[in-house]
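As C-alpha cells, here come the structures.
Note that subunit A is present in both complexes that follow, paired respectively with subunit B and with subunit C.
Entry: the complex of A and B
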C-alpha cells in the first residue's frame, strides 16, 4: 500500500484570526478553537475527495485549555455564575468539535496535550490501520498573559495544520507542500 | 489468541465506592450507589450537593489528580505482578489507600518487561484543576500541584514514578477520554511501540466542574438516575482508574482482550448529543466490524448513561438503530460512581472486566422506573449469567465525541 502523505498545510497567526470572517459562531468560540478552525480552513476542499466519516481529526494542544479555564474561572463570582458557553470550551478537545461541525467530519477524533510531535505518526497509524482514509492534524498553542506566571511559560498564540491522506503522491496536486510520510 | 491481541492484565481503582478493585467488585454485586452529600466543598449556587467522592486519604490534598492516579497505578501494577506470581499481596489490604503495600519500582515495574518497553497513556479532562482554584483564591498550592495543572507534565511524572520509560501520551477527549486512551494504548502495543502500556484515568471532584455543569443546568439535584423516567441530570464524580495493557502473549490466561473499537463525531452540537444517535451508532458499527462480530454476539452493553434526558435518549436510539428489537442487556453505572469524566471510560471498562470474571450482569443503581423508549433489556439489578463472551462499552462526550469498545472473554 502506498504510504499516507501530507497533501496540504497551513499556519495562522494573530493577524489571520483578527481578520477572519467566519460568521457569528466563530466569534463565540474560545481562542484555541478559533486558531485551530482557521488553520484548517484553507484546505477544506480536500475533504471532498473522500467520505466524511472516513476523515479523522488529530489535535494537539500545548497548554491544554488552561487559557480558557482561567477566563471561565474569573466569572465564578459573577451574579449568574461562570459562563456556560465558556465552560464548554474548558476541554482541550473542544476544537475537534468545532472543526467537525463546520466541515461535517464524522470520523474518529484524538486530542493530545503535547507539543504536537506525534501528530504525523498518529495520523499515519490511523490510516494504515484502516480506521480512516484521511486525517486533519492541528497543533494549537494559546498561552494568555494571565497564564504566563501560573505555568511559567511564554505567551503564545499560534496554530498550524496539515492534512494527511491515503493514496499515492501523484494523485495530489503538484506543489512544494506535498511530502511522503 | 488472535494475532496482535492486547490484553487487560492488571487493574487498580479508587472511586466513590472505595479504594481497590475489590470495592468495585462488591459494589457491582450489591448494586451500591456511592453518591452522597459533598463534604469537601460547598457552594450556595451549585445545582446539587450530591456527588461521587472518592475516599482520598488526605482530605485537603492540594494535588488530588496525582494522588488518584498514583493509587490506581500502584494497585494495577501490583495486580499484574501478583498474576505473574511476582508478588504476594493480600487484596484485602487494599481497602484503604494508606495500606497499599506495594512500592513503585521504577527499575522493574512489570517484572521482566523492560521499562523502555512500557508506555503510559494518561486520560484526563481537567488534570489538577484544583491548583487553578487555589491560585485564583490565593490559597496555598505546592509546586507539584501547580505543575500538574498541565496534563502532560502529570503524565510525565506518573511515568517516571512508576517506571514507564516507553512512549508517554496524554489524551483529553472530553468524557470519552478513558475509552480513547484504552484504544490508544492498544494501538501503541499493536504497532510495536511498546509491549505494555499503563493506561490511567484521573479527574478529581472540583468546584470548577460543579459550577460549570450548574451553569449548563445539567445536574440532578437528588443524584443522577440513568435511564429513569424522572432523570434530570448527572452527578459529578471522581476517580483514579488504571489498567495494565500488555501484548497478548504476555498476559496470563485466560486473558480478557480488547477485541475491537470505533470512534466517531456527531458533527452536530458542542454539548448536546445528536437526537437520532446516528454518531454513536456509527461508532458501534465500526467497532463490530473491527471485532469481526455480529450484533447477536454481543452479550452485554455498558452504557455511558449520564442521566441527562438527552444523552440517555440518544443512547437508546443508537442501540435501537444497531440492534433493532433484540438489544442485548444494557445497564449504566453512573448512579454508582457519578460521572468521573476522564476516568469514566477506564473505571467503567474495569467494571465490565469484573462482570465478565464474575459472570454477572451489572445493574443500574438508582434506576426506579425505566423511561419510555429505553431498551426493554435494561438491567435494573445485577443478575448472574452463564457467560459474558463479548461486552460492548460506550462513552460519549462534549464536542460530539463517541466511543465504542468491545471486550472479549474466552469461554
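Entry: the complex of A and C
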C-alpha cells in the first residue's frame, strides 16, 4: 500500500480572516475556529474525492482555548452575564466541530494542545490503521493580546492546514510519499 | 415606547455577530429560528442576554420568551409590553 502523502496546504493570517466571508455564522465563532476554518477552505474540493465519513480531522492549538476562556471570564461582569455563544467555544477542540459541520466530515477527530509537530504522524497513523482515507490537519496559533501577559508569550494569530490522503503511486510527488511539513 | 424593528434587527445582528446581513434583509414577520433567519438554541440564549443588556428585560423562564422569539415583530411587541408593565 502506498504511504499517505500531503496533497494540499494553506496558511492564513489576520488579514485573511478579516476579509473572509464564509456565511453569517462565521462571525459568531471564536478566533481559533475562524482561523482553522479559513485555513481549510482553500482545499475543501479535495474532500469530494472520498467518502466524508472517511475523512478525519487532526487539530493542534498552541494555546488551547485560553484566548476564548479569557474573553468569557471577562464577560462575567457584563449585564446578562458572559456570552452563551462564547461559552460553546471554551473548548480547545471546538474548531474540529466547525470544520466537520461546514464540510460534513464525520470521520475521527483528534485535538492536541501543542505546537503541531505531531499532526503529520497522527494523520499518517490514522490512515495506515485504516481509520480514515484522508485527514485534515490544522495548526492554529491564537494568542490574543489579553493572553500575552498571562502566559508570557508573544501575540500570534495564524493557522496552517494541510490535507493528507491515502496515496496512489501516480498521485504522489517524486521522492518520499510524505512531504516534510 | 414603540420599539423600532429596524433598531431591534440591528441589535440582533450585533448580538449574534451575523456577517453580511443588514436589517433591511430581515423580514419583520419571518421566523427567527429554523427557516427564516436560521437561528439555533445558542442564539436564543444570546438573545436573552441581549434583552437584558439592551432593554433591561430579564427572562427567567424560557417558556415566557418562546412566543416572543417567533419573529422580530413579536419580539418588539414583547419588549414594548415589558417596558410598559
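What we mean here is this: the second predicted complex is superposed on the first by the 170 of 181 C-alpha atoms of A that agree within 3 Å, B and C clash if a C-alpha of one lies under 4 Å from a C-alpha of the other, contacts with A are read in each partner's own complex, and residues count from 1 in each chain.
Definition applied: contacts are C-beta pairs under 8 Å (C-beta built on N, C-alpha and C of every residue); 3 or more make two chains touch, one makes a residue touch a chain.
On a predicted model such as this, the values are computed, not experimentally measured, just so you know.
Colleague: Between subunit B (first) and subunit C (second), which, if any, makes contact with A:23: first, second, both or neither?
Modeller: second
Colleague: Under the stated touch criterion, which partner chain does A:84 make contact with: subunit B (first), subunit C (second), both, or neither?
Modeller: both
Colleague: Touch test for A:94: subunit B only (first), subunit C only (second), both, or neither?
Modeller: first
Colleague: Is subunit A touched at more residues by subunit B or by subunit C?
Modeller: Counted on subunit A, the partner with more touching residues turns out to be B.
Colleague: Tell me the contact category for A:112 with respect to subunit B and subunit C: first, second, both or neither.
Modeller: In the superposed model, A:112 contacts subunit B only, not subunit C.
Colleague: In the superposed arrangement, does A:148 touch subunit B (first), subunit C (second), both or neither?
Modeller: Touch partners of A:148: none, neither subunit B nor subunit C.
Colleague: Report for A:73: first if it touches subunit B alone, second if subunit C alone, otherwise both or neither.
Modeller: A:73: touches subunit B, not subunit C.
Colleague: Jot down the residues of subunit A that show up as touching in both complexes, subunit B in one and subunit C in the other.
Modeller: 80-81, 83-84, 88
Colleague: What residues on subunit A touch subunit C, complex-wise?
Modeller: Counting only subunit A, the residues touching subunit C are 21, 23-24, 26-28, 78-81, 83-85, 88.
Colleague: Show me the residue ranges of subunit A that touch subunit B in the complex, using the header's touch definition.
Modeller: The touching residues are 52-53, 57, 63-64, 66, 69-70, 72-74, 76, 80-84, 87-88, 90-94, 96-98, 100-101, 103-114, 118, 125, 129, 131, 150-151.
Colleague: Can you check the complex and tell me which residues of subunit B touch subunit A?
Modeller: 45, 125-127, 129, 132-133, 135-136, 146, 149-152, 169-174, 180, 184, 187, 190-191, 207-208, 211-216, 262-271, 279, 282, 286, 397-401
Colleague: Hey, which residues of subunit C end up touching subunit A in the complex?
Modeller: Interface residues on subunit C, with respect to subunit A: 16-21, 38, 42-43, 45-46, 48-53, 56.
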